[in-house]
Every structure is written in structure tokens, then in C-alpha cells.
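Below, subunit A partners subunit B and then partners subunit C, in two separate complexes.
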Partner chain A sequence: MRPYLAILSARYRMLLQYRAAALAGITTQFFWGFIRIMILGAFYAASDVDPPMAFAAVVTYVWLGQALLGMLPWNLEPEIEAMVREGNVAFELVRPVDLYSLWYMRTLALRTASTSLRAVPIVLLAGFVLPWTPLADWALAAPAGLAAAGLWMLATVVAMALGCALTMLVHVSLMWTISGDGLSRVVPSLVSVFSGMVVPLPLFPDVLQPLLHALPFRGLVDVPLRIWAGHLEGAEAWTALGGAALWALALVALGRFLLARGCRRLVVQGG
Partner chain B sequence: MTDSLRLWIRYMALSVRAQMQYRASFFLAALGQFLGTATEFAGIWALFSRFGELRDWTLWEVALFYGVVNVAFALADALSTGFDRFGDTVKRGHFDRLLVRPRSTVLQLAGQELAFRRVGRLLQGALVLGVASASLELDWTAARAALLAAAILGGACVFFGLFVVHATIAFWTIESLELMNTLTYGGVQTAQYPLSIYAAPFRRFFTFAVPLACVAYFPVVAILERDDPLGSPFWLQCIAPLAGVVFLAASLQFWRFGERHYTSTGS
Partner chain C sequence: MSQIVVEDLVKTYRVAERRPGLGGAIRGLVRREHRTVRALDGVDFRIEPGELVGYVGPNGAGKSTTIKILSGILVPDSGRCEVLGHVPWRDRVRYVSGIGVVFGQRTQLWWDLPVIESFDLLSAIYRVEPERYRRSRDELVSRLALEPLLDIPVRQLSLGQRMRCDLAASLLHEPPLLFLDEPSIGLDAVSKLAVRDFIRELNETRGVTVILTTHDMDDIEALCRRVIVIGRGTILTDGTLDDLRARTRGERRLILDLVEDEPVSDRDAEVVSRSGTRVELRFDPARVTATELISRLTARHAVRDLFVENPPIEEVIARLYADEDREA
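Entry: the complex of A and B
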């Protein structure tokens, strides 16, 4: 276990150095959150339909989504991408460790570093500063209760595992496509709409709900965020959580299988 | 002028030929652009199917705003790669090379690459425009078509101007200021809905500081021939896209000012 933890902590500390980029990211996400809330607010204010989620819960959903954006599989680990393209992946293959676990740890470092840089300031601003301004209606609310908070933490751990497993699938696809283009250009848009980043999933038409529940992506955003807001509780929450955990395990197994296949046909790029 | 134009067309042709060497990569990138934009529209569609309407705006009316903004952005984005990467150009000292060539720096940067993959967003926006116009049964008179073209071109001017401003700031900061993305991508996000739904300070910012409202909101209201909830007169809606040209001219002036303050990094 030691080498895996070592790479996790080394990469995590290295990626934490990109603070200026994170600051720009935070501002962008904050602005983004405002636009989304204004748009959703306009829909809520003008409508006499009974929505499946209260506006306050939707506001909380939007802010938490912006705070935890780093957990989504929206980018690749730059070192893995470069290694496959330039052929240094050969060094990675001769190391006496399990390749999938090694890369999973690198991915985990990427996801946790970008999440911790963004999450804290956004939660502080949206949860603790906004309530004191005239925009108090647009503030992030506290978790629905102690039980919700505990379950949310568990759901976030599952979401992180799922996000890394999905990112790993894109990493493994590099073995075939070599360049960083390919799946990495298509996956982020699918993930953002099916996880609930674009529009909270409960607001999608009712006929689509069974599909959204069956896909792996809701475990990334929708499940933890609705648990926090108290919109998903009891047995329903546990079922959703279990589904997400099963998906994470299945995707890890798929990634391991594909990586083994990819290694067998891998052509190391010279240079 | 014609000489510059001919040179620019040559640059563009070269760039497209270069990109076509990596055909699979190009198609996937264009597909990614198409899907990325389509998910945004899926979001708009989902909200309308849940709520019915948005303060008397219907789905297809909003789709018209969405189409105009995305087509305009795709055009500007495809032509401004040189400005988009400008932070790096300054950091590596490559800008010195541009300065010794006997052509304007703006022309050289605009000619650096025609990002052909943006065709994905362009097609998606145009598709939504087409479907929206069919659903609204718009009668495309010459005046309407001209107004639509003016809105798209004016919009492309505003976004191109934003990219120029983004690049100009790099003369002082040496690296690209990612904060500007809030105005470019955030601007697309904002202007794909009718401006009248936003809070007043936000509306004023996107009318007077960055005139996105003038190139998207006002002309589209005129195309729809409906009363503006904000109360703008019809003639104003028709000339509003000119604000895009003014914004671009001001951005280029800012560029010239920044250029005079350039000191090479020496690398």
C-alpha cells in the first residue's frame, strides 16, 4: 500500500501549487453559479407549476455543484496524458506496482486537489458571506440535518470513487487513441448533463427519470447534493447510494480489464 | 487592404490544410463541440418542459437567442485562436518575431489559426436557429434576414473584441488572465436567455459595458416583432447591433495602446 499512498500524497501536494489558476476557477464558478440561479429563479418565479424541488433546495444544489466541480471527470491527469503520448509510459510499465492502482492514485490526487482548492472558498462565500448581503435568498443552506450531513459525507466519498473510475476509463482509452483527443472531448459534456450539473436532475421531465436513475452519472452530483438538501432521504437515499457504489466497482473492474487489454497491444512511442 | 485580406485568406487555407492532417482528431473535436453545446440546449429544453414558459417567453423564442449567440461565438472563437493563446506567445518572447514582420500584429494573430473544430458549435447553433424559425413560422423578409445577419456579425465582433481585450491584458500580466473567461463563456451563457429575466445591474453591465444585449437581445426582439418588456423602441432594436462594431473598434484601440507598452520577456 505504501507506494500508492506515496504517489497520492506527492501528486496531491504538487497539484495544490496551482493556486492562481484555482483563483480564476473560483471566480468563474461563482459567476456561473449566479447566472444559473438567476435563470432558475426566473423559471420558478414565473411559473404556477408545482416543481418537484423547492427553490431554496435548487439554490443549494447549484452552489454545491459549483464547489464540487473538481470531482467530475472533466479533465485528464496531465502527466498520464503526456506519458502515453511521448512513450514514457514504458517506465511506468516496468515499475513493480499494479498499473491500474498507480494511475488510480494519480487520478485521485488530481480530483481531490482540484476539489479542495475550489470547494472551501466557494462554500465560505456562498454559505457564510452571501446570507449577510441583500442576496440572502441565493445563499447556500446548511445540510438538512445531522443524519443528512453524515450520509452526504458517505455519498461524497462514493462520488469521488466514481469520478476517478470514470476518469480512469478515459485514461485507459489513451492506450488506443494515443493523443488526448477522443473520449476526453466527448465525456465531459455527457457527464455534465447526466450528473445534474447543467440542470438539477429532478427538474428533468418525469419520463426521463428512469433513464437518469439507471445511468452511472447521477452518483457524481445529484445523489450527494440532494442528500445534503434533504431532498433524498431514508431508504431512497440508501438505494441511490448503493447504486452509485455498485457503479463505481463495476467501472473499476471494466477499467482494469481494458487496461490489461490495452497493455498487451500497446506500442510505445519512440523518442 | 486587399493585400492584407489576400494574405489572411492564405493563412486560413494553410491552417485548415494542417488540421486536416489529423482527420480523426478533428472529427472528434468537432463532435465534442457539437455535443457540448447540445447539452446546454438540452438543459433549456428540460426547464421549459418542466415549467412551460419563462415570463411569457416560449422555448422556441429563447432558442432564437440561443442560436444567434452560439453561431456568433463560434465564428469569433474560430478566428481568435492567436489571441486566445497570446499569454503564451508573450511569455515565450515569440511576440518579438511578430513585431519585426512588415504586417500588422492584429492581422498576424488573427491569421494564426482558423480553429475549424468550432464548426461543431456553429452547426449546433445554426440547427437550433433553423428549427426555432420553422416552429415560430417566421416569415424571412429581406429586412428580417438582414437583422439576423447583423445580430450574428455584431455578436461575433463583441466576442472577438473580448478575446482581443483578454490578449491585451497579457502585455502587463505576461500570462493569460483566465478571469476573462467569465465574460466570454459566461457571456454566452447569459445571452442565450432573454436579458429581461436578469437583475437590473447585471442587465446594465451586459448592455453598456459589454454590449452583448445590443447584439443578441434587442435585434432578436425586433425579429420576433414582440413588445420588449424592457420598453426599448423598435428603431433602437434595429440599430443596436452596431454597438458590436463600436466595441470591437474600442478593443483594437486598447490593443494598440497595450502594444506600445510591450516589453519583451527576453526569453
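Entry: the complex of A and C
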């Protein structure tokens, strides 16, 4: 484990240095959160049917989503991208470590660094500052209970594992496409719609629900956030959590398989 | 037992080809044409522990491909390859913890980290025990004079400084075998000498086996007892430097510094070049001995100074390449 932990901590520390990007991210996410709450609020105000989720739960869902955006597979680890393009993958292979695990650790560093830089300020602002302003209705609520909080932590770990496994698939695809521009633009759009990042999943039409449940993306946002808000609990929560964990394992296995194939056909650019 | 055994190694690449122009680009959208390039076409050699071998050849001859197969990065199409008792690509993780690799054109250090942190990280990756790591690091730091560089981020180092750090990085885990792929590329004279001295010392005092690819024939002449020449994926020659010279027909050079600028000619020698009063002649020692030629020329011309030497190794190798091209 020592090599992998060393890479994780070194890369994490390195990525924490991008302060300007983090500040820009916090600001964007904060305002984006307001916009989403206002839009959803307008829908709620205009709707005359019984909503599948209380407005307060939706607000919490939105804020947590904004805070934990960094966990989603929305970008690639810049060093892996550069390595594949410039042929430095060769160097990764002369090291006595498993390539998939090594890259997974780099990905985990990327996800945890961008999450920890953004999550704390957004939670502080939305959870502790907003309640004291006239916008108290738009504030992030505490977890639904102690059990919900514990389960949420577990769900967040699973979501992180899932997010990294998805990011890894895009990384592995680089071995075929060299440039990551294609998939790395398609995947985030898919993810943000199907994970619940754009609109909370319970608000989707009923016909789409089976599809949303079957896809892997729900474990990224929808499951942990609804657990926090108390909207998903008991056996239903455990089932959702188990499904997400299975998806994470399956995607890791797929990524491993593809990476091994990619390495076999490796042509190091430049002879 | 040989440390490296390579038998009949073959590696081909499939390269996508595109016809020139817009028409070609459009056709490429529908059907890709592929061409097979044989990078290695039956390469054989054995290397014993403690050898310092120069592996030379023109661009595209298959040098880097060989090194990449030997270091476990590429998988060959066929042939046998065993290094330190391992098949490199099959047992990669265990195998590579026993070798060191330096690619001159790339760095294995972390661009944004200070040198010392890259070293620490590598020691964790190679699972070197802290006590052993401190010892080998301190030794490398003092031998390569890295002390003033340790706290500088790698991106701020000059090429020569970076190469010294890369050398140290590849040796922190004290491998018995070191692959150096063009370690002197782009280095200035001082750095080149420092790197060369270090490699020689490493080989002589620590007994590390070194395989060195380079285009710099001075490196070869200064370091290597044995030279393997590769061209178009096959081994052209494999032997000592002297063997290599002997292969290109017995040929010597006589260099004369004349007192006056006058034409020189002899029936057994050919003028290769002249600049001012310096004349360089080529002769075949089987046809005329050096003493005979010298006495004949000194009788006819006033000579201030003269010396006899072997043709430079670049020319020897260039001629091997040219012979190979003619046969092809």
C-alpha cells in the first residue's frame, strides 16, 4: 500500500495549491446554487400537484450537490492526460506498481482535492451564514438524523469510488483517442443530467425512473444527497447504496480490463 | 549466467497511413490504410553482469524499441527475452523494481515538486526501507553534487542539472542493471563529462551493468568496452570498439603539418582533407606501412609535425550504415 498512499498524498498536496481555481469554483458554484434554487422554487410555486420531494429537501439537495461537485467525473487528471499525449506512460510502466491502482490513486487525489477545497466554504456559507439572512428558507439543512448522517458518509465514500471509477474509464479511453476532448466533454453532460446534478432525480417523470435507477450515475449525487435529506431511508437506502457499490466495482473491473488491453497495444509515440 | 538474454526478438508496429491532400484525408475517413513497420527483425545478444555496453544505431534503427522491451514497457511479437531471470513484460511489477531506467528526453521526476520530494516519493514507490534510502540518497547526492538542487522544483532546473537528478532518481533503489536511453542528449560539455564520469564510476566501483544508447560517439569511445550496432532492426556488429574499427577494412589516417602550403600526393595514400598547411591522408596499412609512407613524404616535403590515427568512430559506424543501405 505504501507506494499508492505516497502518490495519493503527494498528488493531493500538489492539487491543493490551485487556490485561484478553487476560489473561482466556489463563487461559481455558490451562484449556480442560487439560480437552481430559484428556478426550482418557481416551478414549485407554479405547480398544483403534490411534489415528490419537499422544497426544503430540494434546497438541501441542491446545496450539497454544489458543495460536492468535485466528486463528479467532470474533468481529467491533467498529468495523466499529458502523460498519454506525450508518451510518458512508458515511465509509469517502469515503476514497480500496478498501473490501474496508481492512476486510480491519482484520480482519487484529484477528486478529493477539488472537493475539499470547495465543500467546506460552500457548506459554511449555505448552512451557517444563510440561516441568519432573509434567505433563511434557502439554507442548507442539517442531516435528517444521526442514522442519516452515518449512512450519508458511507454513501459519500461509495460515490467517491464510483466517481473515480468513471473518471478512470475516460482516462483509459485516452489510450485509444490520445486527446481527451471527446469523451471528457460527453461524460460530464451525461453525468450531470443522470446523477441528479441538474434536476433532483425524484422530480423526473415517472416513466424515466426505472432507467435512472438502472444507470450507474445515480450513486454519485442522488443517493447520498437524498439520504442526507432523509428522503431515502431504511431498506430502500441500503438497496440504492448496494447498487452504487456494485456499479463502482463493475466499473473498476471494466477499467482494469480495458487498461490492460490498451497497454498491450501501446505504441510509444516517437519510436 | 548472462544477465540479459535476447534471442530472435521481433517487434512490428502497425502505422496508419494517410494519403496526402484533401482527397487523402477524405478517403482516410472511410478506409484507413495500414503499413507494418518492422522495428526489430530478429535481434540477438547476451550481456554479462558488470558489462558497460554501447547500443548504437541511426534514428529509427530499433534502439529505443529494444530498450523499451527490455524495461518491460513494450511486448514483442516473438522471440525470447530474459533479464535478471524475468521475462520483463510478463512479470513487470516485480521485474522493474530491480532495474533503473533513464530516458534522456523525458524526466521521471515530478515537474512541480522539489527534487528531494521526488526522491522521497520514488523511495516509497520502490518500497526502499528508510534507512537504506537515506544511505543511497546521501551517497548519490554527494557523488552527483546535488546538494544545492534538492529544494528546487524540477521545472526550474537546467537540462544538465535535471539529468544529474534523473540519474540519481533511477538509482535510489540500487538496481544492479541500468538502462540509459540517450542520457547525454542536449547536454553541454561540462555536464556531459560529469555524467560520463559518474556512469564509469558506477560501473567500475559498484559493478552495475549499464546499457547505453547514444548518438554521441565520444560517449561510446569514453565509456564502452563493447558496442552493439543496430540498423533497420537487425544487429550489424557486436564486439569491442577495436573489433568495430577492424571491421571497416584496415584504414589509418596520417595527418601532416607542412612548413609550406604545397600540394601533396602519394601513390599509396589519398588526401582526405586539407586546410592551410594541414593535410589529412588516408592509407591502407596492408599496402604500405606507416613508417614507409612517412619516410617517403618527409623526404619530399618539409614537415613540421605529423601523427597517425584511426578513423573516428563516427565514420566507422556511418560506413556500416552505408554498407547496410547498399545491400538493402
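The working rule: the second predicted complex is superposed on the first by the 270 of 271 C-alpha atoms of A that agree within 3 Å, B and C clash if a C-alpha of one lies under 4 Å from a C-alpha of the other, contacts with A are read in each partner's own complex, and residues count from 1 in each chain.
As a convention for this text, a contact is a pair of C-beta atoms (placed from the backbone, for glycine too) under 8 Å apart; a residue touches a chain by one contact, two chains touch by 3 or more.
Every value quoted in this text rests on a predicted model; they were computed, and no experiment measured them.
J.: Taking the superposition on A as described, I'd like to know which of subunit B and subunit C A:264 touches: first, second, both or neither.
T.: second
J.: In the overlaid three-chain picture, which partner chain does A:3 touch, first (subunit B) or second (subunit C), both, or neither?
T.: It touches subunit C, and subunit B stays clear.
J.: So which one touches more of the residues on subunit A, subunit B or subunit C?
T.: Between subunit B and subunit C, the winner on subunit A residue contacts is B.
J.: State whether A:190 touches subunit B only (first), subunit C only (second), both chains, or neither.
T.: A:190: touches subunit B, not subunit C.
J.: Looking at A:246 after the superposition, I want to know if it touches subunit B, subunit C, both of them or none. Which is it: first, second, both, neither?
T.: Neither: A:246 stays clear of subunit B and subunit C.
J.: Looking at the overlay, does A:124 come into contact with subunit B only (first), subunit C only (second), both, or neither?
T.: In the superposition, A:124 touches no partner, neither subunit B nor subunit C.
J.: On the A-aligned overlay, A:90 touches which partner chain: subunit B = first, subunit C = second, or both, or neither?
T.: second
J.: Touch check for A:142: first (subunit B), second (subunit C), both, or neither?
T.: neither
J.: Determine, under the contact definition given at the top, whether A:43 touches first (subunit B), second (subunit C), both, or neither.
T.: In the superposed model, A:43 contacts subunit B only, not subunit C.
J.: Once bound in the complex, which stretches of subunit A touch subunit C?
T.: Subunit A reaches subunit C through residues 2-3, 5-7, 10, 14, 86-88, 90-91, 93-98, 264, 266-268, 271.
J.: Can you tell me which positions in subunit C touch subunit A when the two form their complex?
T.: Per the stated touch rule, the residues are 13, 39, 59-60, 64-65, 68, 71-75, 92-94, 96-97, 99, 101, 103, 106, 108, 110, 112-113, 117, 120-121, 124-127.
J.: Which subunit A residues qualify as touching subunit B in the complex?
T.: 21, 24-25, 27-28, 31-32, 35, 38-40, 42-47, 49, 51, 179, 181-182, 185-186, 188-190, 192-193, 198-199, 203-205, 208
J.: Show me the residue ranges of subunit B that touch subunit A in the complex, using the header's touch definition.
T.: 22, 24-25, 28-29, 31-33, 35-36, 38-40, 42-43, 46-47, 49-56, 177-179, 181-182, 185-186, 189-190, 193, 197-199, 202
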